[in-house]
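Order of writing sets the chain letters: A, B, C and D. Residues in each chain are counted from 1.
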């Protein structure tokens, strides 16, 4: 049983009595509920709930608790995950040459803003090694070459396993991962795309935005799926622009939005505020 | 017992088991919970919960249900209100001469955006009578004179009672209500102040903003308390401005923000998404 | 010569000395320059300038002034337009059944926010006649039928000419205009599209947005061109949304953004702050 | 005469012919005008103009040009400053213990976003020395003690002079500078205040904001004047908050706004887009 705070995420078809069942169970187990956010997607009849609980009786062990929870979920057809507060996520950051997103995440991490471990920064270039090392994070260079992509992904996978990684953050990582790799990390890779998706998917979104003459540019943080730029959207932000902004200014403005949008998505993931239902991300905020 | 949807709002000191108690009660009564938003203000140990429920057994009557709920709340020291979906709020709009907020609310009401009745528009001037009447709402002119304020407030109070009003909306009503009157309508008067409170409280906020050279102007919707411009804040919005904006432009820009800020506050109130705890408004969104 | 304020808009290939030439000309003619906004699109070498001037000598006549200006522009290859403040634009609003944009523009017009005449509201349905008439604007019903589209457009064109219309505003007008018609009104038709273009072009953008799970919805005001939803963008705005917003909520939220985005575009056009260069709108603000 | 780009800022009482005079002068001197932003504050009759020019004839020397400009300005009572593009500002950053603003500016500088030299970072604590040194910027520790404030300010002044500093940026520098010191650096010290001034001036603005229950928090970048938190405002931004945000969350959210607001103010200063008139900052954007 939980000896500290924990977050329960539940997803299933809606049916009467689910909240009462789960709340009653927690009470029985001696756990106190400190926060509930529950709703139903009426159009699809989908039930979703995030419940924060606090440690209960000290004489019940965690495996007994988990087993009981598992039986409850099975009985009601609920898909659930339980995250204990002391199990800190282990995050790998992948980057290429642009420093702003990497820098931003490492600086937030250092300031205590992100509840996680960051055991490794991985890049297909050496450029950002000093940045990682300034923050005391080991840096791994895995060159990527179209001819040997499979081999690179093998090295990447090994490194992630070796460091016990739970979440990959693509902080302007300019390489496409194979569908097989992505499938193995379903809902555990967050990417930042530098446009307001679905507008300007693909390469050079700032150039596309400039040519179309839009008056706002944006950034989109999303889970990565096999289909490029089409994964479930976690967070989006925009910023004003005008005819005076050339591609250089749009790129500069965009960097600010990219950083905060990516950071917000990562924080929500770490705080167990995200739940993927169908093609959508439920953001419990 | 509820023969349709209902919203329960609960406020009390936090203690273990409250969610389970309430959820269990609803289940026992045959009610289905469709949405829960519950949290604890850790600094003050304050528990707050909004729970949407759907009708349960058809053979239990409402007074029995309410009595049982009342006993439950008493047992746990919970302050609660239960609003049935079919009990539509009855709203009075007070205005003076500026049409934009009145117009906006009446147009939203007509389009079905606001779940309420609007039996009366009241003003200290005749100016906006045609607007009210275009939307088919009776208009009552109650002149206000400093010398006869008490009498005017008496007429106002009578009109509100006569029309069974639950909520007063001050849509740019340029009169101060007496502390006694306000006390009788605690948390049932919403005002729109044309500044980002607490900045620029008092008169002529746009002039104050212009003189201070601020780069954003705002609006604040709040419950009215005896102390002017100091009531609990429900909603705030801002809009960019620049040195090119004189008082006239600030006023024009401000009107857009006033309208949407006031409308949002009124809608949240009508949807039972507001709960006043201490000096703060909990907005369940 | 101008006996009141005027706005000059200039567009041409950049070359040295243009600002000095035009400023010198105005000074010679006895006009005072009260505002200049001039820049160069470096990528295309495009010069653009908005200049506000005030009346000068009372003894020079306007036709002489205009002739001299015309010679200046010809000499330097400048495309220019001069708008005198007392020549108020004449605007026709086209709508179908949704009232919010029509209402908004008429209310702003009545409050003095929009510097124009509105001699006519035109619709393919009778629904909004009372709204137009409340604001004292004549309402013209022109039914549209696929089989007789050409005839309808003929009636529309006649009505616009009869009322001396300068600008058409499509305030949620749910009909497509023919390419021939559009060509005749180049840069003089403003439409509001209920999405953040180029995302979700076409029909049902709120439904598309909901299905894609975006976290922001938007609106785009643009000049109408023969290619649907592809005209030069004037103004864009967005608003936050979440998984809790179904299509109904997105539609409601979207209406607020549509209104303010369209109003801003119309005001910029009336204030002569818009200049179309290539596929882009220069917004002088 | 200018052998590269330059920015002219002009401020004076409005009178007819100023734009023509200056534009004509530039043309005579063989300079091309690439951008003009000029307006009049009608309420105070204040003329303000920013003009970007490009090099003209190669055979005229700069001192002759400056002398002629100076005579022109004198003749028309214009206060002006001319900044040549190749004269990069020299910026000193002052900080205390919080890294986020320092980090942000240094990272933007490294990425080429800020057109300036940063010869020195100065702090009253040793905490941020590694950050400065990672970016290759010398770090100077000047302890501040109430008893020896005058001496500390003397050391500070010497360091600024020694490094030829033009602009001081207080990046969360938690010390008050004396009125005498501030006077000597008029319009050359930019501070970031962590509230939407004038709301919540003084200490602990996030705590104040939390207690007042506001729904937005903000940051204000301003020039420092002798009166605390009352200097001319350059830039302001806000971010949404809710009842769920305690002081910790407000502080975290606020940091994002502080960074971008300060960076924007610094960039505008470096790009010569700021002009102080009276108590207001004209931002040429």
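Criterion: a residue touches a chain if its C-beta (ideal position, glycine included) is under 8 Å from a C-beta of that chain, and two chains touch if they have at least 3 such contacts.
Note that the coordinates shown come from a computational prediction; the quantities given were computed from them, not determined experimentally.
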| item | value |
| --- | --- |
| Any chain in contact with chain A as well as chain B | C, D |
| Contacts common to chain C and chain D (chain labels) | A, B |
| Separation of mean Cα positions, chain C and chain A [Å, integer] | 42 |
| CA centroid of chain B to CA centroid of chain D, Å | 42 |
| Separation of chain B from chain C, taking each centre as the mean of its C-alpha atoms, in whole Å | 37 |
| Multi-partner residues of chain D (at least 2 other chains) | 39 |
| Parts of chain B lying in touch with chain C, wherever the complex brings them together | 99-100, 103, 107, 110-111, 113, 130, 134, 252, 255-256, 260, 263 |
| Contacting residues of chain C [partner chain A, same complex] | 39, 41-43, 196-200, 211-216, 218, 232-238, 242-244, 246-247, 277, 279-283, 285 |
| Chain D residues within the chain C interface of the complex | 16-21, 23-24, 26-27, 32-40, 49 |
